[in-house]
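A, B, C and D label the chains in the order they appear, each numbered from 1.
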Amino acid sequence: MSVENVPDPTLLGADSAIIAVERTAICGSDLHLYHGEIGGQGIHLGHEFVGTIVETGPDVRRVKKGDRVLVSAVVGCGHCDPCLARDPVLCTGGGPRVFGTTLEFHGGQAEFCAVPAADSCCLAIPDNVSLEQSVLLTDILPTGYTGAMNANIKPGSTVAVFGLGPVGVFALQTAMLYGPSRILAIDRVPERLARAAALGAEPIDASDGQAVARILDATKGRGVDSAIEAVGADATITDAILSVAAGGTISVIGVNMNMEFPYPMPLAFMKRLTLKAALVSVPATWDHLVPLIANGKLQPEEVFTHRLPLSQAADGYRIFDKREDGVLKVLLDPSE
Amino acid sequence: MSVENVPDPTLLGADSAIIAVERTAICGSDLHLYHGEIGGQGIHLGHEFVGTIVETGPDVRRVKKGDRVLVSAVVGCGHCDPCLARDPVLCTGGGPRVFGTTLEFHGGQAEFCAVPAADSCCLAIPDNVSLEQSVLLTDILPTGYTGAMNANIKPGSTVAVFGLGPVGVFALQTAMLYGPSRILAIDRVPERLARAAALGAEPIDASDGQAVARILDATKGRGVDSAIEAVGADATITDAILSVAAGGTISVIGVNMNMEFPYPMPLAFMKRLTLKAALVSVPATWDHLVPLIANGKLQPEEVFTHRLPLSQAADGYRIFDKREDGVLKVLLDPSE
Amino acid sequence: MSVENVPDPTLLGADSAIIAVERTAICGSDLHLYHGEIGGQGIHLGHEFVGTIVETGPDVRRVKKGDRVLVSAVVGCGHCDPCLARDPVLCTGGGPRVFGTTLEFHGGQAEFCAVPAADSCCLAIPDNVSLEQSVLLTDILPTGYTGAMNANIKPGSTVAVFGLGPVGVFALQTAMLYGPSRILAIDRVPERLARAAALGAEPIDASDGQAVARILDATKGRGVDSAIEAVGADATITDAILSVAAGGTISVIGVNMNMEFPYPMPLAFMKRLTLKAALVSVPATWDHLVPLIANGKLQPEEVFTHRLPLSQAADGYRIFDKREDGVLKVLLDPSE
Amino acid sequence: MSVENVPDPTLLGADSAIIAVERTAICGSDLHLYHGEIGGQGIHLGHEFVGTIVETGPDVRRVKKGDRVLVSAVVGCGHCDPCLARDPVLCTGGGPRVFGTTLEFHGGQAEFCAVPAADSCCLAIPDNVSLEQSVLLTDILPTGYTGAMNANIKPGSTVAVFGLGPVGVFALQTAMLYGPSRILAIDRVPERLARAAALGAEPIDASDGQAVARILDATKGRGVDSAIEAVGADATITDAILSVAAGGTISVIGVNMNMEFPYPMPLAFMKRLTLKAALVSVPATWDHLVPLIANGKLQPEEVFTHRLPLSQAADGYRIFDKREDGVLKVLLDPSE
């Protein structure tokens, strides 16, 4: 992991734009690349970034040079029906891509970043939404919200959120948009459990491996209606499955790379379970999340525990990876 | 309006029960009867009541003598599929009835009240739910919630609530269970507007008849996604219709008796509107509302501004009808 | 009503196109203009047309010169989020417009027609879809389908369709896509009733004004779950309302211009009714309807009873207006 | 497997009934018991049966002695809210049970069978529904329909059904209730493929293991919107998963006993998949299926290829197990 001088990016096509990055953040999924579990050497990282448009191709119409924009971490071709409907996961023109995850598709932990299909993935930052809030709208808040959206939460429901990193915290906060009567929050880290309790959830300490038993106990043996998994580990996904009541839904947003995840089919059958996993269609969430932030109903920026200049990105990664210093989320500023 | 000695009620059939009433409340719709607009002379009023079962018919199974229960204001036959599914509005065995609205079907503003189809309309009062909260679960909180449920509110939506009496306040509070970004609250009474503001809504003073203009102004001309009407007057229903954006929903819970309400069909057509009106299926809401109250997510009892012995019911009606003394909701206690 | 030589249209902007019309049809709503009930003198009629693109502005991207296209009768600005999501009824950039209904916005009963926001309202005619089928995809089949979509039909439901003109026939055929157990089809014209019976519906003759009584009789007094109104008259909308069971939905697609349609609010309240009226978002229906036609599941072209050269449009209007000669739908061909 | 004389059953409680069985059928899941894969020695088999009530406990109310009834294969406690709402899978009073699958809970391949919670699991056979149709309403048609219900099929959707035994055939027929444009039908047996083609589906021969490639080929590489798995084998469930497009749903109704079914999590994540598996809540489907049968929209009885006296049940099992003689479904008649 290093910060290097690279050539300035050039336009990727008539529908693309160049962004002068103003803020960018490190995401938990960057750590998979950091550790070389996926990707490879030489990738320009970063899929959470905001900045000012400094150049546009001739076909860009909805944003323009000089606009301060936030950029969806996930982009499609930009021109098929699902992309126009802001749902790149369903893109029929090549499928979804994530910035900064391959050698060819450079990310935004940089001074400048080239953005394809800019009309489909850029949003001019609205009034009453700060730069830091905007960074969180590029991926991680929409991801947490997707976890909540897919969990079939109804007024009065009981919910369990597994994993209280930034995605889990946002899953928890956006789960509250659906009016549950209880949210059980599961993690092993005391500060994370305390933070969840402060947000109105019931903390469940999983450090002794007894999370499922505690959840069943807290629900008189019934289990929860909805479980949101925000870790991506086999063990926590399994705990989520074992924690839901008959008729329940398990919504997985933690990235799990197991092509043979052991799913307990008889249990799913007898209890009529629904399992959803999802890469987020970031732009599809903006209509919902932007007015909530602009009207003060969500304050996502509280997750930033560390703010560093981009030149210290290597420190930021180390702190985040080692979970030093109570870190929850690291913001990088290229201008400093 | 008078409090009189009447014979004790007797069982209404093998599936019925007798309740010794412990708390009962006056509802806005009782005023229609009070003024003789509907009903007639001699009706035993009261459809919001809770108490202890003192006698049951042989077919009553889910509750028993000695149980403290709350009673749905709306009951069906109790034995058809919709009634068993707790949805008496769809009752196919005679349709829904409301306690205390006809000469034959006595209400619960009394020391004792006979309850038909007790299994379908009685709920043993759960732990962590108080008597006063229980009274509000018999009609008015479920009614407000039905208004919110029918309004198609989504995370980030904009909502307008017309009328901030008790039903409107509950519509407003339960609308928040759906995660809206804004709730505009419309009334003419300063205290009611102040109460709505304290609950997190944006007050809109309608006393000069310019509510629609103010709502459009507050939404940059677009209108709101959802309007909930909790008054029942032609004028406010019309305002609600004029306030919604294209694709919007108007949910009417204020009782309106106009068989020829003037609906603006061309507007509905061009803007693709949905109009819902609904008598509430009280028991269908308990699964949602009871855990919200039991877990402290809803505090409905704050609406009670006046508590009187049942013997002073006539005073209670007068205060409520004249809107004296900042009254919002009157509770009556037969035991005092 | 006359066919006249007019100047060829010119582009309406960088996002527009010129279509050489190959087929166009007369719609029931054209008769409102024909009779001068709406619109005025000098309107160039026609909102159902297909043809070949002969010129495009520089910003048109999804279709090109030489493409055979069908054109949505309803268009929005073409660039707001709802328009990009193919839902012009919710257009936030000016709202929906219908071709050939104002002096400024010329229609397609012509040799050439200018089309704004072509990317949003043109669809290249797919394989296995004929020109005649394509004409029906521009308005009337999507309109009938919108009536069915808005009617909340579930497998096993009972449905009533009021009015068996072309829109009603399509409402009936697309209602079948939702698996109802029965469709009652109401009209006064024997041939129309016979056609509905041939399509699998149960004909109800309304010529003596007793349609509601017959529907209640046919459903043992219960009424139908869903009513679709495809006439637009106050009387049939009222019949539709009176025909639905508790919990039912009334979906109005017949254009009704009554700003004070008399809606029976107490009935709506006691029976928990839903009333929907809707201008169709034509392009939003193509994803559903095109594959159904291309795979032979819908044969909409059977509605064309009359095919005339465009030069005989005046005859076509007269036949259609007078309901001469068993007419159901008139197709006009500019090439003859 | 043998037919033996056993003592007549006695009532199971005040809410139970005794049925004199008139028709009963062998189900694919009986073969798991037949082979001893589940259950054990001495089980009285049979969960698909209809007959006449000969005795009832005192609390039975909705059916009575002398009624001809069909009996849900799946029963719950009969008295909790989900059971009253006809959804025993969500039963909170002990959970769902299936007749004839344990030593304690005797099945209906017998002259008499005791039925608990009779009000919740018996339905008086309606007019226009035959005995043979009724047998199919006890389990297998509702199971196929549950597969279709859970598959998120919309008008115009593309569907794949894996496995064309009786459950698969019913999944296919009820999938049509949702208006798909195409149904691909996958099996290895030529007669089954031919039957599916006759029902309007596109047969895909899986006998060379290339079903997925053929499905992708038939959909231009996109895959289907919905896949219904009616076999229960790991391989076909995996094929179903690989056959769906981005955003798709896999609905499993074939019973699979693998507690570690290998689910490809990265695929689910990138394509935003939904996986549902479900034991059927039989009574919840009757409101939909009974009117469809009574009105001739479904003819499920065509699946019966073999009709035998109950005394020849052992032959019936052998024929069904060995797939002799083009067998699809075997009906047994205790009266012969």
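Throughout what follows, contacts are C-beta pairs under 8 Å (C-beta built on N, C-alpha and C of every residue); 3 or more make two chains touch, one makes a residue touch a chain.
Protein identities per chain, from UniProt: A, B, C, D = Unannotated protein.
From a predicted model like this one, the values you see are computed outputs, not experimental measurements.
Visitor: Check every other chain and keep only those touching both chain A and chain C; list them.
Guide: Chains in contact with chain A as well as chain C: B, D.
Visitor: Does A-D or B-D have more contacting C-beta pairs?
Guide: Top pair by contacting C-beta pairs is A-D.
Visitor: Could you state the distance in Å from the CA-based centre of chain A to that of chain D?
Guide: The answer is 40 Å.
Visitor: Quick one: chain B and chain D, Cα centre-to-centre, how many Å?
Guide: Distance between chain centres, rounded to whole Å: 43 Å.
Visitor: Provide the list of chain B residues touching at least two other chains, using ranges where the numbers run on.
Guide: Within chain B, the residues that touch at least two other chains are 287.
Visitor: Mind pulling up the chain B residues that touch chain C in the complex?
Guide: 89-92, 95-96, 222, 237, 246-247, 252, 255-279, 281
Visitor: Would you mind writing out the residues of chain C in touch with chain A in their complex?
Guide: Residues in contact with chain A: 59, 61-62, 79, 81, 84-86, 287.
Visitor: For a test of understanding, state which residues of chain C touch chain D in their complex under the given definition.
Guide: Going through chain C, the ones touching chain D are 145, 154-156, 158, 174, 176-179, 181-182, 287-292, 294-295, 297.
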